[in-house]
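We call the chains A, B, C and D, going by the order they appear; numbering starts again at 1 in every chain.
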Amino acid sequence: MQGTSGPSVKAAIIGASGYTGAELLRLLTLHPLVSVVTVTSRQFEGKKLTDVFPHFLKSPFSELQFEPYNSEKIAKNCDVVFCCLPHKASFPIVKELYTINPELKIIDFSADFRFKDPKTYEEVYGVEHSAKELFGKATYGLPEINREEIKRKSIIANPGCYPTSIILGLYPARVKGLIDTSFPIIADSKSGVTGAGRKASLSFTFCEVNESFKAYGVEGHRHAPEIAEKLNLPAVRFTPHLVPMNRGILSTIYFKTEAKKEELQEIYREFYKDEYFVRVRNSPPSTSDVAGTNFCDIYVTKEESTGLAVVISAIDNIGKGASGQAVQNMNIVCGFPETTGLELFSNWI
Amino acid sequence: MQGTSGPSVKAAIIGASGYTGAELLRLLTLHPLVSVVTVTSRQFEGKKLTDVFPHFLKSPFSELQFEPYNSEKIAKNCDVVFCCLPHKASFPIVKELYTINPELKIIDFSADFRFKDPKTYEEVYGVEHSAKELFGKATYGLPEINREEIKRKSIIANPGCYPTSIILGLYPARVKGLIDTSFPIIADSKSGVTGAGRKASLSFTFCEVNESFKAYGVEGHRHAPEIAEKLNLPAVRFTPHLVPMNRGILSTIYFKTEAKKEELQEIYREFYKDEYFVRVRNSPPSTSDVAGTNFCDIYVTKEESTGLAVVISAIDNIGKGASGQAVQNMNIVCGFPETTGLELFSNWI
Amino acid sequence: MQGTSGPSVKAAIIGASGYTGAELLRLLTLHPLVSVVTVTSRQFEGKKLTDVFPHFLKSPFSELQFEPYNSEKIAKNCDVVFCCLPHKASFPIVKELYTINPELKIIDFSADFRFKDPKTYEEVYGVEHSAKELFGKATYGLPEINREEIKRKSIIANPGCYPTSIILGLYPARVKGLIDTSFPIIADSKSGVTGAGRKASLSFTFCEVNESFKAYGVEGHRHAPEIAEKLNLPAVRFTPHLVPMNRGILSTIYFKTEAKKEELQEIYREFYKDEYFVRVRNSPPSTSDVAGTNFCDIYVTKEESTGLAVVISAIDNIGKGASGQAVQNMNIVCGFPETTGLELFSNWI
Amino acid sequence: MQGTSGPSVKAAIIGASGYTGAELLRLLTLHPLVSVVTVTSRQFEGKKLTDVFPHFLKSPFSELQFEPYNSEKIAKNCDVVFCCLPHKASFPIVKELYTINPELKIIDFSADFRFKDPKTYEEVYGVEHSAKELFGKATYGLPEINREEIKRKSIIANPGCYPTSIILGLYPARVKGLIDTSFPIIADSKSGVTGAGRKASLSFTFCEVNESFKAYGVEGHRHAPEIAEKLNLPAVRFTPHLVPMNRGILSTIYFKTEAKKEELQEIYREFYKDEYFVRVRNSPPSTSDVAGTNFCDIYVTKEESTGLAVVISAIDNIGKGASGQAVQNMNIVCGFPETTGLELFSNWI
């Protein structure tokens, strides 16, 4: 669909050889209004994209080559930049690109601009932030909770995958004041393995992950403060787990509430009725319902005997949890219809 | 994308609640020129499509309901029918629909019209064929080998999944006379589990398939005569195996040849140079390169010490091996560009 | 190892063709003091064991044949009976066997004798219990919490798989009075697919489970009252989930406590120091650490910011969660060393 | 079972932190006549065994610690050494140990002493062999084909995993002269991922292997000459494939023969009737039948239309294909009953 007439923005992808980069490229093959002009990778610099990702043979991107990062070239030739680097690696590059071209729209996949205050970032990530002055230009890119802010900013901090699933799962109840905060809120999350990123690591080799299930980050995980801040809560108990599958996050969330089951269900349904990418479900979702898509499927219920609401929230961690959400954010900042290129449904099986 | 302006054909899917039906629906959400007006299912008759397939919530098909099969309604209201029934169940329905409306285009997923001669069918499937008179209206729907024939026929017999991978893998060598037929041709194929269809069965429960690998149909499989007929060979040794994954067929094919490696590679590349859906590769493909797509990825090489050519051919068994190919065939019979709605790339991970 | 000298008890397995039956047989190939004389199965009656389970070729059981259930034969010829039937199917058989031979030791895998009071059973399972008079002869078979009782009883109600993991994970804290019961206790459990039993079912076919993760029984599950009763708690919030793997349960358990992390860890370590089958860990366990074994691996920690203790408990659902525990119970009722035949370590990969 | 009375040999495992090392340790927990006194690992030197392999907590090996390799200590204190190193790393160590103590029994997992002639090794592996003089002390450790030789030698070259499955699958037909060698013999093999060894590598990370199937080593694999030599054949066409599962190899082997199906089946059954570890099957085996065991399950049939015999041979690649076979070889060289510690049956599910 590339190359058809109509308006078109030029995009660069920095760090395009990882899982989020590959997913972004896949989604953009279906986007009629974007052309990818530059992909960078340190590891695969000089290689053809299709030598690294042969599944893109015959795609609109089949002639791309992984380039070294060149700030001038990207900042001057592109309208949008997707920065798919890890935290700490990202802010110097964002700063450089912004300095060269303040008109550039930057979608940053890292945690570097997610917090309201750089101090929180420095505490949580244990890193000194050298682009503090850009926080005023940046915002958190979860459109369902701050779409208007996104439209006005240059740097969009694409949310973490776990926070996306958990914030969307708690937001209606939080906004409506239905959460009894005298009891801790618990988010027990389970993620597919793409969440670990694309790197050689003994812990993520096939045999060590396959046919096993475990919790990790049990003593504390960096996504907990991100969740707490966005929900304006003092603390959230967050336990991530690793599921032997590629894609998907399912968060099972517990909070104390006076609200009844039907009331909760009605409130969630009403709250998200105009949000295309949130599907409030009549029954608990599976991650396979959303794999490969930008949907967040949510089910809410209540157990009277314990007074607990239970929310089940499912996303694709590299879809709505990363690259899908990045495209959604790009659509917003570029003024495209928000669902452009994202009306994709799960392969399911 | 449904409901946009432009020409549109109306389609029915008979037996839409299986894996090929679900995949067809998924592909058609991306097809700009087709609207699905009827889906039938005996098992789920009366249920909403999204109760059975919640992954289609918010899709263009979210209001569809599984209906009982009604030949009059389908034959008179539709332009194209996809018949996703098993062999023997299919021919009475094809006959009925054709009798009511000979203008209807019928894409049949079963084996019922795949052979040139009904006698072969009766021998291989052990079934009496009661619609023998329709063989003149039918053709084998493998566009890369008989596109012109497909354009002229009303009933398109969508090929078997294994035969698709094997025929495409052998066709250039066969046509060019490079196969030494004094030695048996061997196709050792490995399939994901969707190939078994969607049904409750102890043999295909998760635990009995997971973490295991086996051959089946070792004494003979119905796809062997289909392969042999289309390649005009007396016999082919075909051994299918079951891989613990959802999608994909990889066929490893051996034949004796005088041709050299480079010669073979050049011939294959040249033979398929205008076929969008066949990607002749420089290195052996993985099934994940083609999962969710209509591509057939092929690699050919030669071992001088044994005189054997080795062809590795990968497809998605429910993509190019079933529903993708059905859409390709529909595009041909409807006069649409052949790749319409099929320029999709693999999720890869 | 069968047939060596030394004392030997004769065992029957009723309903031996399921997953728990197969696992029990596997474990008993390594038990020096038991011979299996009868295996029954309705579905496979008359078939050789090795036709159904070819992995037992050349085992001590290779000559066994699945027989119809014959109460006289079993009650009179055997010392121990393993009854691997579902709830409701079990109590009539237990009653019949007990009536014929009150000396028989019966290990019942079902829920039929797990509760203290038949009324609770009738409420939870919605079934009238017609062997209420046997509750006095029965006890709950979780040796780590009631070993002495097991020694004195004829009918041992083998615990549910989820309750085993959760009760062992909470027991030390409960006994020591460390759980603040003014807040609900939450057990978020994740199970492999063998937990669903061996039956043809669309919901558990490979493709519908593979590459997906979901919660089920969200509105209430029968294991919750079993857990609450054994821990003497009014209610426990229990959410089970299905993991795409064969074996293993991991329960992530949350409770409010005043206790400190180190205090909890010391108490757990001390509490289980003489229990061979409970391994209190220094770091969170994976299910692969315990797959194929009778171990329960437990890790406990505390999050000061929320005041929550977090316990991670891992078992093999058909090991310590079913057949392994059954062998442990058999060892106790037969007066064998409790670890006999169970000193097996995980395949790990 | 360690520490019981009776004769006992002392064993060392060099390179014990890989998959074959872990499997060997697991098998030796069940061996009554061996105690493991030393485990070495460069990567984990100084760590407790149970810090690296927590699944061995409470095992007889729970107090072991990974040590640096010390030739004097091992050669003088041990009776048997298992050398689990890759090719080229192994022969200097074997040489050193043998030189210090020629009475030592060395089971070598590498390819370094598998060929009859060091020249073949040097050609195939492209390495100069500096312990050529030891070939006279060494033999190929496939007991079913050269048990007597094994008894007489000090260095046992444990066979490759693929060769084990293929040689056992072809041996009866080859010995009986039933293979028509005017046509190439084809071995199409499929392996689980443990075959790749335990190392951080992008190619073997979970997401890149999961839900995919591929061939590799298509232009030639080092196991082909090993197979050809042991079967005294000029060449064998061998194609390995990677299956998304942990354990197991299934080889599908084709050869031309005049023999009939029943004749072949009878010959195979007769040939292996006294071999405990080879189970000639009535139907094609699955890899799950043999996972975790030392069995090789074989099925043979014949297709008259193509004149091809088809042999299906299944092993656990790290069982009979590596560590199980190593224990079997140890039993032989130590004069123990050959099945000691190996009468284990598959977990199956």
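Throughout what follows, a contact is a pair of C-beta atoms (placed from the backbone, for glycine too) under 8 Å apart; a residue touches a chain by one contact, two chains touch by 3 or more.
If you're wondering where the values come from, they're calculated on a predicted model, not measured in any experiment.
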Statement: Shared touching partners of chain A and chain B are C, D
- request: Could you let me know which interface, A-C or A-D, is made of more C-beta pairs in contact?
  value: A-C
Task: Compute the centre of every chain as the mean of its C-alpha atoms, then state which one is farthest from the centre of chain A.
output: D
Query: Taking each chain's centre as the mean of its CA atoms, how far is chain C from chain D in angstrom?
result: 36
Task: Between chain A and chain D, tell me the centre distance in angstrom, where each centre is the average of that chain's C-alpha atoms.
output: 45
- prompt: Counting in whole Å, what is the centre-to-centre distance of chain A and chain C, each centre being its mean C-alpha position?
  reply: 40
Field: Residues of chain A whose C-beta touches two or more other chains
entry: 19, 194, 207, 210-211, 244-247, 285, 288, 291, 349
Task: Just say which it is for the chain contacts: an open line, a closed ring, a star, complete, or other.
output: complete
- request: In the complex, go through chain C and note every residue touching chain B.
  value: 19, 193-194, 198-202, 204-207, 209-211, 244-246
Message: Help me check something: in the complex, which residues belonging to chain C touch chain A?
response: 183-184, 186, 188, 190, 192, 207-208, 210-216, 218-220, 234-237, 239, 241, 243-248, 250, 252, 254, 256, 284-288, 291, 299, 301, 303, 305-308, 310, 312, 314, 349
Message: Looking at the complex, which residues from chain A come into contact with chain B?
response: 1, 19, 22-23, 26, 29-30, 53-59, 194, 211, 246-247, 276, 279, 281, 283, 285, 288-293, 295, 297, 343-349
